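Note that subunit A is present in both complexes that follow, paired respectively with subunit B and with subunit C.
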Partner chain A sequence: MSNSKNKLIPFLCLLPAALILSIFVIIPIGYSFYLSFFNWNLIAPTKNFVGLQNYYSLFTDPINRKVMVNTIFYVILLVILNFLFPYLISLIVKYFIKKMQGAYKIIFFIPSLFSLVVGAMVFSWVLNPVSGPMAFILRKLGMTLPNWTNSGVLAVVVLCLITSWKVFGYNFILLLTGLGSIPQNIIDAAKVDSIPRWRLIWNIILPLNKGVSIYVLILTIVQGLAYVFTPINVITQGGPYYGSSNILYHTYLDAFVLYKTGNASALAIVTFVIFLFLLFLEVRFVERKEASYE
Partner chain B sequence: MSKSKTLGWHLFLIVICLIAVLPVVFMLSNSFKTLRESYHSILQLIPLHPTLSNYKTLMQEVNLFGLIWNTFFMATLVTFGKIFSSMLAASAFQYYDFRWKKTLYFIFVATIFVPFTTIMIPNYLVIAKLNLLNTVVGVVLPQLCDATGIMLFTKALEKIPASLLEVAAIDGIPRWRIFVNLLIPMLRPNIISIGAMFFINSWNEYVWPTLILKDKNSFTLPLALQNYISSEGGTNFPLAMALSSIMIVVPLVIYILFQRFILNSISSTGLK
Partner chain C sequence: MNLKKKLRILLGSLAVFVLGIALAGCSTAKTATTAKNKVIHITYWHVNAQTQGGTAVNALVKEFNKTHKNIKVTAKYNPNMYQGLMQNLQSAQASGKVPDIVQVGWSYTNYFADNFKYLTPQQASKDFDGNDNFIKNNFSTRTLSFAKNSQGKLVGLPYSLSTPILYVNKTMLDKYQIKTSELATWQGVATAARKIKQQSGNYGLYIQQPADTWAQQALMLSNGAQIEKNGKAAFASRKGIAAYQLYQNLIKENVAINTPWAQGIDDFVNGKVAMAFTTVAQASHIKQSVNFTAISVEAPHFKNEKTVVPVGGSMLAITAQKTAQQKAAWVFEKYMYQNSSLLTWSKGTGYLPPTKEAFNSAQFKTYLKANPMLKPAAKLIDKAVAWTSFPKNGLQAEQTMIDARDKILSGSNVASTLKKAQETINEQQ
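Up next is the complex of A and B:
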């Protein structure tokens, strides 16, 4: 086979992927960056150059600031619900029981199969303050379910619970697989020395599982913020008064509802920079260990 | 490990199973209740007077088969596009040497981390400029490649012994035949599990179609379901649950058929 043909084949193989990724991912990042320096409404023929004004207003505009604070609240909740909780359960399944591990895996994963629109609908029934089953049970016990859509904080909690319903099984399996890849002889050796189980977990297992757990932690933040978009849009549309909006959802609101393309693009670029930083952490801490969780 | 303690853990885990599954079970149950019955027998799991009225109403109100077809058609196109583009790219990364190979691979895989809101506005503008708003192509086109697939297929190819391919090459078998007759059969379990995940994700896809599809005739199932959910309250839940029940059949069947493949490969993947 001739040399020139040899060079052409990999090029042709990469072409479809490269075309799609550059047209619909890489170039758009640059264009969003460009748009973030203008005031525009997505439709008008002219864009007004405003320099760094859009970035400046991210820190001065009260709504933007509210959205930033909400985003931090979302991240904290997502880490607790979608990372720490499944991690705890995977430790229980791995080290505290012996049977039924396969069955738990199969059942926990079921909600991951369904659309978040379905999840949002079902939970707005389950937690409906008037006609839902939770309100019904609480009423029997002499309590009332608060109208959570009226409170930003409660709405964020419910929206995070909905995503965690979907993501839990998936993250659980990732973390369990990580635990499964820890060499058994290390654990057996510790058992021979009759170290208490919580110390075995804290001092030996958790450090050995660091690669996978950091990977899942970063995934939880990156995907969690994206996932929560759907229940926000279905249930609260960011309300009450931006109380349940976050940086991703507000980008969408600014761009396609309020037609403030400049502010939306600045938010989009800030989100990108945050995710880029998380990618850097992932490469720094996880990629070296990649081969170990198979 | 004492018996009673283990039993306690199992009880705890069973409660979590119930939290995972009960909402869906109640959803199915409510879809066979009238609106009245759903109010008056909230915790009644098996409907006292099962009825198909919600499904009948749905058939009248929406073009159900059109919705199912739109969703299925888009998910199929997206799945095949992603499998095709990622397998080709993965084989280039695995079997050829070229300049900046590592950098290119890193850039490809890094696109997984790009938040969709960062690229949403330019992509919308491109699709609008191409006059593809409200069309299947408009939804499908930006999704024809997924770096997750490239990563997973590259990992899968690494495990196929190089000697096998060398033998085939020495025998003078053309490359495309090696690809079709040797690599594809060997990658079958990966294609099934990755394909199943791409399909389920695309079947459930909501955000991007919401931006592109505004005309009810081009809607997919998730968009139609969203129309039945009112943020001001007053959602007709039995009706919305009937539509949801129809929606979850396809992912459930795929899971039942390929559960082993899906769970085995999940450790190195990303189901969105």
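Up next is the complex of A and C:
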């Protein structure tokens, strides 16, 4: 009797979390999957079953294809700006600059405290190619700021820069903390052996910091795509002609502007599968590594 | 003795009975008083942030609550304009707790009518006034046509009216000897814009590019084109293509600027663009922001054509489901259409009053005199037509037109892009 009671206790302890997870995560995902097989405008009493049509159009519709390509471009840029660049800076701060490490942390982290809506509006004004302050300064220097809102590629670059302004500091601190947890004796031993500094970083520090860096890499992709939604919505609304849209913004556009919930759900499910794969990588490289320490 | 006792019992019973009746009467009277004093709560959903007429909404609601003891209106601001309100309304409908009166943007007329339960103004007027005099006496047939769905049914009452107008940097135009009379036609505007570009290096023109094609529809309509004919898209006509061609040429020549709405308006108020074709609702912002002489002129037309513009703004629709709330919403709606209320509304937003009486009132004329930038819009409202709302998949149709605009402004062939957009829309009808 008491044995069966003991068996129940862990389940009871998990119940609140399981309930919350079910209501806010599992059921919505399941419902989105269900909706992806229908054409429905969100409130009409009837839903039209269309089978796999929404998934089919996801890969055949030129706009969807364009959005997918944009998403890959976003991911590449976000990884460069929000992962590789902060990683490089954190390595420089940790191993090449001895003073003011705390000050750098604070300075880089400050933008993370501001709302992205505010950031997007400020950047939109500063980078206005015709009448913004940046255009004015460049004109004085005999240069012109390209009309970035007219070009999908340039718009994506600017939107990623705005996101980077927000995310850079947070990622920098995470990576710097990871570097700080590498045992100093290993580094000292390498120094005693007169190993060149680049080899120390490449062969010792980076492998030892793999867990944190993969975590930040995945965070950069998943969180970055979500973060970039705000500047897209404030500045370009995905334009010109979907040139700056990505998979998350397009899901929103389909679901809440055009009320095409079927298409939006199919897109959301594909996004979910991609993120699930990234989660798998995270578990494989980060969690397993931590488990192996135990 | 027995008789005396019996009489006492009878009298006692009678007294109890009378007292009972009296108390019951009192109780009924009290109940009736309570019912009479019962306050009906209704909610009004609007899209006006504090900087876009929200202050006027609050003032109107406050005054209404002060003067109507039996009705209490709570105003709720919905961010992200009519689209945001529509999204919130869907959630409200799903939860079964809908507001009682809402602002509906013109482009959502069919979507709203097809998917939400609402009380038509005629029904409200008939149920609560016993006649439809309020509608007949206050609104012109043209104004009412803006609020009709594709079946010709009146969905709500027109509330906010706007038209596009051409804002002009008069200081810049004077400098290059361009007269405003030359801006009556789009060809004249194009010539003036080219002159500005050549002589000053500044852009000549900006046509608003928000998440709708309202201004571009005005351009086509003013060349004699039709956006919709018998429920089908018809804008890819010779005249529609010619109108867009002029626009594309100006963009290609770098004479007009192709940029999102907020940046385009910034460029105009910063003196980098000579003319801006946008809504009259921007008048207040432009007036406050410019450091040059800014004026406005009527929306231009193409040579040998007349100016036709789609009306912008919104209507008020009653979504209350219970009779008491519907009645209160109707009382509130009528209050919102009083001259004084509409004047407060116009002053707070720049929208034109929808009723004949308010529009022709001395107060509004005085207001126009003090704000001459609104005059071209007021003059044009008689020539305005309903914003095209396609019978089926109207929101997708609008998106298709936005896509076509973006493609054309990025250099795609005008004729083939418009034809393809027209076909796409018609396939969905």
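The rule is simple: the second predicted complex is superposed on the first by the 268 of 294 C-alpha atoms of A that agree within 3 Å, B and C clash if a C-alpha of one lies under 4 Å from a C-alpha of the other, contacts with A are read in each partner's own complex, and residues count from 1 in each chain.
Everything that follows uses one rule, which is that contacts are C-beta pairs under 8 Å (C-beta built on N, C-alpha and C of every residue); 3 or more make two chains touch, one makes a residue touch a chain.
As the structure is a prediction and not an experimental result, all values here were calculated from the model.
Overlay on subunit A: subunit B and subunit C clash in the combined arrangement. In the superposed pair of complexes, A:124 makes contact with subunit B and with subunit C alike. Contacts of A:237 after superposition: both subunit B and subunit C are touched. Of the two partner chains placed by superposition, A:203 touches none, neither subunit B nor subunit C.
Comparing subunit B with subunit C, more residues of subunit A are touched by B. When both complexes are overlaid on chain A, the residue A:150 reaches subunit C alone and has no touch with subunit B.
Using the contact criterion defined above for the overlaid structures, shared-chain residue A:48 touches neither subunit B nor subunit C, since it reaches no partner. When the two structures are aligned on the shared chain, A:265 is found in touch with subunit B, with no touch to subunit C.
Within the superposed three-chain model, A:174 lies in touch with subunit B and out of touch with subunit C [touch as defined at top]. Of the two partner chains, subunit B is the only one that A:9 touches; subunit C does not reach it. Of the two partner chains placed around the shared chain by superposition, subunit C is the only one that A:257 touches, whereas subunit B remains out of contact.
Clashing C-alpha atoms between subunit C and subunit B appear in just one of the listed stretches 60-68, 132-140, 186-194 or 258-266, and that stretch is 258-266. The intersection of subunit A residues touching subunit B with those touching subunit C, taken from the two complexes, comprises 42, 124-125, 128, 130-132, 149, 235-237, 256. Those residues of subunit B that touch subunit A in the complex are listed here as 1, 5-6, 9-10, 12-13, 16-17, 19-21, 23-24, 26-27, 30, 38-39, 42-43, 84-86, 88-89, 91-92, 95-96, 98, 104, 107-108, 110-111, 113-126, 141-142, 144-145, 147, 150, 175, 200, 203-204, 206-207, 210-211, 221-222, 225-226, 228-229, 231, 233, 235, 237, 240-241, 244, 247-248, 251-252, 254-255, 259, 262-263, 266-268, 270-272. Partner subunit A is touched in their complex by these residues of subunit C: 83, 87, 90, 93-94, 111, 114-116, 203, 211, 257-260, 262-263, 266-267, 270-273, 395-396, 399, 403, 406-407, 409-410.
Residues 41-44, 63, 124-125, 128-132, 147, 149-150, 235-237, 239-242, 256-260 of subunit A are the ones touching subunit C in the complex. Of all residues in subunit A, those touching subunit B in their complex are 6-7, 9-11, 13-14, 16-18, 20-21, 23-29, 31-32, 35, 42, 89, 92-93, 96-98, 100, 104-126, 128, 130-133, 136-137, 149, 165, 168-170, 173-174, 177-178, 219, 222-223, 225-227, 229-230, 233-237, 247-248, 251-252, 255-256, 261, 264-265, 267-269, 271-272, 275-276, 278-279, 282, 293-294.
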